[in-house]
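In the two complexes that follow, chain A is the common piece, with chain B as its partner first and chain C second.
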Partner chain A sequence: MDATVFLKAIPDPAAPPESFAFDGGCPDTSRVPFVLGPFEENALELGLRIAEGTGGSLRAVAMGGPEQDKSLRTALALGATAAVRVDGPPSWADPVVAARLLSAAADRLGVVEVLVTGRQAGDWDRSVTGALLAGVRGLPYLPRVFDAVAEEGGLRIAQEVAGGTRTGLLATAAVLSVTNAPTTILRMPNVRALILATRRPIDVVEARSLLGEAALRERLVDEGVSARRLGRAGRRVVGEPADVAKALVAELEAQGALPGARP
Partner chain B sequence: MTGVPSPAGLDLRPEHEALVATVRRFARDEVAPVIGGYYERGEFPYPLVATMGEMGLFGLPFPEEYGGMGGDAFALCLVLEELARVDSSLAITLEAGVGLGAMPIHRFGTEDQRQRWLPDLCSGRSLAAFGLTEPGGGSDAGATRTTARRDGDEWVVDGTKAFITNSGTRITRLVTVTAVTGRRADGRPDISAIVVPSGTPGFTVGPEYSKVGWTASDTHELAFAGCRVPADHLLGEEGRGYAQFLSILDTGRVAIGALSVGLAQGCVDECLGYVGEREAFGRKLAQSQVLQFKVADMEARTHVARLAVRDAAARLVAGRPLRREAAIAKLVASEAAMANAREATQIFGGYGFMNETPVGRFYRDAKILEIGEGTSEVQRMLIARELGLPATP
Partner chain C sequence: MVFQLTDEQAAVVELVREFVTREVLPVASRLDRNERPEDCFSWELVEKASAAGLRTLTLDEEYGGSGVDFVTTALAVEELAKGDMGLAVVFAQTWKLAQTLQLAGTAEQRARYLPAYAADPRGLLAITFTEPDTASDYFVPHDGARYATTAVEAEGGWRLNGLKHFISNGNRASLYIVFAQTDVAQSLEHGSTAFLVPRDTPGLSIGRVHDKLGERLANNAEVIFEDVFVPDADVLGEPGQGFRVQQTFFPASNAYAAATVLGVAEAAYDRALAWARQRVQGGKPIIQHDSLASDLAELRMWLDATRLYVLHAAWAGDHPEAWDPMLGALPKVLASEVGWRVLTRAMEVHGGYGYMKETGMEKLLRDAAAFLHSDGVNRTLLLKAAKHLR
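After this line comes the complex of A and B, so read on.
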């Protein structure tokens, strides 16, 4: 079974705050080292397990500038057979546009059966790319996957659900969004493979060549975060559980934090 | 991974950057959470060493035909620095396993010896040790008392070795021992190197030392009493053992320098985090100029030490003379590590005196850096000799 994993390098969360500069808009990360996002590490490990378990291959896709290449080379060192980087769009590109770009890049690598993403990006925490990618490709979307074992007829998928886990047999192409678990801790690459991976080519493709200039400028998802909403002081709600629940819902509605609500 | 890095050795090539990033992740994610427990228990961290073996770190500077990774000494120094930034016990286990255990076999062994021993050592499945120091000898390698006499097709080794790293683990396969094998016309000893496999009758591993630092590393006294090994266990030429190991020590000094830079950097890392969080007298410690100056001095020492070590490592890779540079690197870096550990402990106050804090471990680990692979006094003596100053009685 052939799989494609989508990777994203993010500013190193362990970098000291002084490394970041802010110009009032986006952070200037030019002095910050980039590392593979934590959930992308999980996605890469699961992608490797799927490829190894099924005798298939794994390909890796990333989007952004050269700071993404180290992550792609880590994938190559661990066994990915090919890597593509979509060059051009900023990392905060519209999520739907990003999903379309990633989908188009995956197509450059050939037919894939399983698309693997991390649960959420480690920088913006949007947690939307996997679902949007599934929508773009018309595939089922399986969130919070933490294991995938080859079985007669498909992959036995394990998902994290509220209060427990759910398993099921996946017998079709799908998008898996991977969460952190002992089964998805990324293995350490062998040094020799790491050295050789630095010499392997990465297919760099311009974003505009995949979607066109106009499509790249589309804004389809509005998910701005209001500082005003975050600025309220906390409030402790006490009482009978049913009353507390009602009070919490009322508070969330008042803050505009529920779908459709406006403060 | 060949060729000489940039002159200052700070602009790393892509393969070096990838190596550093990977080892940094290993140190942060797999070593840091558990190493304190090994340290407190005085336990050798077999699972971590096994992972390092799977990563290929023990084969890093060796050719692929022996199971190596095709890297070089510069890459090894980068790895040692990153490991020591979190823990020195693992770093010295790697340094001793590669630089002192396997490297003499690679550099001075016959093709048969390389094929016999290196693949297991490169994989990390086995470790080798280097038996040079003796209870009465210290840094004076020429004062070797251990003897090896030829008896038919065998060498018979008698003597004692002290402070031998990696010599008593359950994966230790062999110890290379320096021994007097004859006398020259002027009475000076002929010293040779003999490989003694673990478990050879007459070879006894003493109990683990109780050490101030590096407590998750393996160090023992070794005793040889009528210990017989085949004649083909002679490593290199008979009578050349002393010269061989002097050159090994030059290389080892660069590696200990790299380990020292890592520890010095670890102190900076820990202090930056601590002064940014800890409050005293109503403000963050980071707002105190006194502490800012301390951390700035620590950073400056680390930077200078890193330049010296990478310069020496680049010379090593290029095959250029490095006795002076290796001694300078080891001297500057080990003294930077000790100074940084002292300052870091002071900045952490009472917490710095607790073994569970990394700076507490760093403080205990730093002192040996000014002693092992030649004391700071020996490094100064070497530098003085390289400047043409006369030997002193």
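After this line comes the complex of A and C, so read on.
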């Protein structure tokens, strides 16, 4: 099975406070070293295992500036066959736009069967990209995956679910969102492979060449609006997962926070 | 002049840092506390470093290593020493001697020894100069200086007899570079020869493993030669040219020793800084007291200056046209003196906590002391450098 892993490097959470500069707005992270996000480490490990277990290959995709390249090189050193970085999307890009960009970048690298993301980015912790990627590609979305083992007919997937775990056989293309677990601690690359990876080119593709300028500026998910429009702190939706999902979608549509539904 | 790491150097440093975080720090202080010196050494760490390609960092790519240059090696030594000095010594010796074999060995010697070293996940290297009665003498030779270890010509080779001591990796190495007196009528400067001696050579045995104050994750031992036969093919360099081999083919040895103690000093400084930021006395974090903050700034200055000197020496090793023989003696002197100063002051920043084992400062202090002596006593190295002034 060919897998594509989506990697995001984030400002090093262990960086000392003095390496961040604050001028009242967003912190200036230009002096902060970037490291692969913790959940992306798990995603990369699982992606490698899927590729190895199924005799397939792994490709890696990142989005952002050159600070992302180191993570892509780690993936190359560990066995990824190709890496692409989407350069130049605005930092405020809509999450759906980001998912479309990532999806288009994955297509550049070849056939995509299993898409693997971390559970959430280590900086904003929004936990939306995996689900949105699945939406963009029309694929099933499997959250909180902590293991994937190749077996006859597909991949045996293990997931965390409310109150425990479950396993199931995945026989189609899908998006896996990987949670942190002792089973998916990222292996260390070999130093020689890492040195060779620093000499390999990273395919850098301009965001606007993938989607076009206008599409980049689209805002589809209005994240900041719900609490304000609701006029209250929020609403807790309880019940069966399927019912909860429906209720949430209805609520978001009512708030105009989903594509095509402006109040 | 570019004061910036290349992508490759940065990648190596980061990998070593990760190795330290994952594998070294969790076990180093426990290993250090073992009573028997043999129990402080860990084959498991060596094998893990092998798996990560670190053991063969300096081995040329044609043999399956990474073939990094002297600067990158010094950076790796420094980073490893931030985790543990003993382990840094285990590898600094091995990395240095792999480079020496590549520089000084014949094509036939390289073909015979380097693939075997690459293939053995426990393959470590050691070098034996020091003897109980011939020690600083090989740094500042005089007419009467001789190795007591002798090599006498025999059919097709040489017979070695003698005892070396204090040898880093002495009881762990699979291959030794051994310096022995081949012409007793001459001083060691003109009458010694370097030999390659595999561990399993009949007559080679290990004596005492020294019990050390610090740097305990490395073992130092006596290596004994009793009628050890070494074929002519295993002479490193030319017979009688041992001192020249020592002078020519270890350009970065002093820089690596310096980088080792520098790494320990940096670890101590980092801890002192973190401590000063969180320890509150006098109504505020102690770093807010000017005198203490300026103390830390001074330590930073010494560390930065030393680091530049060490990297300059390693760089000059990579660029023979820029080599200055002073760089083969002085960086370790500076680094060990600075290291000692940083350690004692960083300990003081911790107050009484620094003296308690719980903060780990005492281990760093014990470790840093090793390099006041190791790789040449400082006074002797100054004398060695002074020769070039006359």
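Basically, the second predicted complex is superposed on the first by the 218 of 263 C-alpha atoms of A that agree within 3 Å, B and C clash if a C-alpha of one lies under 4 Å from a C-alpha of the other, contacts with A are read in each partner's own complex, and residues count from 1 in each chain.
Just so it is clear, a residue touches a chain if its C-beta (ideal position, glycine included) is under 8 Å from a C-beta of that chain, and two chains touch if they have at least 3 such contacts.
It should be emphasised that the depicted structure is a prediction, and the values quoted were computed from it without experimental measurement.
With chain A as the common reference, chain B cannot sit beside chain C without a clash. Once the two structures are overlaid, the count of chain A residues touched is higher for B than for its counterpart among chain B and chain C. In the superposition on chain A, A:154 makes contact with neither chain B nor chain C. Looking at the shared chain after the overlay, A:135 reaches neither chain B nor chain C.
By the touch criterion defined above, A:195 reaches both chain B and chain C.
In the superposition on chain A, A:79 contacts neither chain B nor chain C. By the touch criterion defined above, A:53 reaches neither chain B nor chain C. When the two structures are aligned on the shared chain, A:256 is found in touch with neither chain B nor chain C.
After overlaying the two complexes on the shared chain, residue contacts for A:65 are found with neither chain B nor chain C. Looking at chain A, you'll find residues 70, 73, 188-192, 194-195, 197-199 touch chain B in one structure and chain C in the other. Remark: chain B residues 1, 14-15, 17-19, 21-22, 25-26, 28, 30, 51, 54-57, 59-60, 64, 69-71, 272, 276 touch chain A in the complex. Across the interface of their complex, chain B is touched by residues 14, 16-17, 35, 70, 73-74, 77, 188-192, 194-195, 197-199 of chain A. Note for the complex: chain A touches chain C at residues 70, 73, 188-195, 197-199. By the touch criterion stated above, chain C contacts chain A in their complex at residues 7-8, 11-12, 14-15, 18-19, 22, 51-54, 56-57, 61, 64-66, 68.
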